[in-house]
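This structure is in structure tokens; I'll ask about it shortly.
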Amino acid sequence: MFLAKVVGSVWATKKTDNLNNLKFLIVHPVNLKKEPQTDVVIVADVLGAGMGETVICAYGHAARKAIQPDHPAGLSIEAAVVAIVDKLDVDESQLKKME
Amino acid sequence: MFLAKVVGSVWATKKTDNLNNLKFLIVHPVNLKKEPQTDVVIVADVLGAGMGETVICAYGHAARKAIQPDHPAGLSIEAAVVAIVDKLDVDESQLKKME
Amino acid sequence: MFLAKVVGSVWATKKTDNLNNLKFLIVHPVNLKKEPQTDVVIVADVLGAGMGETVICAYGHAARKAIQPDHPAGLSIEAAVVAIVDKLDVDESQLKKME
Amino acid sequence: MFLAKVVGSVWATKKTDNLNNLKFLIVHPVNLKKEPQTDVVIVADVLGAGMGETVICAYGHAARKAIQPDHPAGLSIEAAVVAIVDKLDVDESQLKKME
Amino acid sequence: MFLAKVVGSVWATKKTDNLNNLKFLIVHPVNLKKEPQTDVVIVADVLGAGMGETVICAYGHAARKAIQPDHPAGLSIEAAVVAIVDKLDVDESQLKKME
């Protein structure tokens, strides 16, 4: 899974039928150095993640299972928010050893 | 899923049988800084996305489910347009915080 | 799917049983700027793609479905040629807008 | 699979139901040159990997099978620790030949 | 699939049950320019690939099918050696055209 920050949302009226009523967020994958990244991933969300929140996102079956647990294979998505992060515990000494 | 801009289409007469009558677009993944990217992804499309439009594309099962909902496993594709974007709402303040 | 140019082939006698009699090509993913890329992908091919031809390749289930339509899960491959490109129609004005 | 070093853990109360009681680690993919990398992957762990340990992580079905062997498809994860590394045997002469 | 050179092996006593008795190799993905790459992939192997040999590796279902053909879904791996390369035939003129 990857860590990401919610920076926006997408509006799309013309879409695959099975995506109706789904909310799509724009997220930026983040790293521990807080370097800006410009990559964008579009993820479905049913947890209600808000702008600026840090989330854990998953790809593939994992994403579909999070959005539609009873029939994951029915969805045309492959990325979704699976958790909203409260706190990251990072051992700074481990990071230093790597430099 | 990823955001992309439609920049062309591909013609191919010799192809896997299950791809007959499918339309293939050339898209460029895009990011929020609008930096040019030269990566190219080939995606199937049944929504009728036009040249220059911004689309959401999905990979794998999600793509097959969008193109052939009744029998997704019958297709030899792994990328497809799943939505045509009307509007991107991006919180600029979140982007600035990241820089 | 990705666009690639066929640049070689691979010979391997010692391999997983289910790969016997399969042909493996060496391809370079290409982009619209024609920048040289050194990445190499190994793909299975049953369409007869020739040296120097541009092809569309797919990953995962899509690849197996292209090579062995009746029993895709029986194969230990995850990349294959699914189409041989006749022509790329690219809207140059769209590319310029991105720069 | 990829090699990674455990550098932290994630706390999240709001998450997909099927993730309750799962432990999520923050890991950095590592390479043989020990160059610092800032990429972050979030992985589930049931082996008890400790801070600073080197682990092998797997994606997709492999990850779900490691965390919940009896019903892997029930999980919304796509990355997990599958082994804790005791020792890496690297043939330095092979690395030199590549330079 | 990707081309890689075997550069080492991994020892791990604490691992997911279904990985017992499996051999894990450390491989470097390679490209045709023979540029050194520091990326590392961990792959399972039952073909007996030796140190310094060039191999074709596959991801996902393809990898599991190569290691445990009768019950691929029972494995927590997603990368494996599927062939040991005898010879690469590369058309140099095609590479030059790309530069």
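The first chain written gets the first letter, and so on, giving A, B, C, D and E; residue counts start at 1 in each chain.
Please note the rule applied: a contact is a pair of C-beta atoms (placed from the backbone, for glycine too) under 8 Å apart; a residue touches a chain by one contact, two chains touch by 3 or more.
In this text the structure is predicted, and so the values were computed from the model without any measurement.
J.: Which neighbours does chain C have in common with chain E?
T.: none
J.: Examine where the copies chain B and chain C touch and state whether the two sides share over half of their residue numbers (same) or under half (different).
T.: different
J.: Cα centroid separation between chain A and chain C, in whole Å?
T.: 30
J.: Can you work out the whole-Å distance between the CA centroids of chain A and chain B?
T.: Whole-Å distance between the two chain centres: 18.
J.: What positions in chain D touch 2 or more of the other chains?
T.: Counting only residues that touch two or more other chains, chain D contributes 30, 60-61.
J.: Is the chain-to-chain touch network here best called a line, a ring, a star, complete, or other?
T.: Topology of the interface graph: a ring, with each chain touching two neighbours.
J.: Should the ring be read from chain C with chain E in second place, what is the ordered list of chains?
T.: Order round the ring from chain C, first step to chain E: C, E, D, A, B.
J.: Which part of chain B faces chain A closely enough to touch in the complex?
T.: Checking each residue of chain B against chain A gives 1-3, 30-33, 35, 47-48, 56, 58-63, 65-66, 69, 72, 80, 82-91, 94-95, 97-99.
J.: In the complex formed with chain B, which residues of chain A make contact?
T.: 5-19, 24, 26, 28, 30, 34, 36-43, 51-52, 60-61, 64, 73-79
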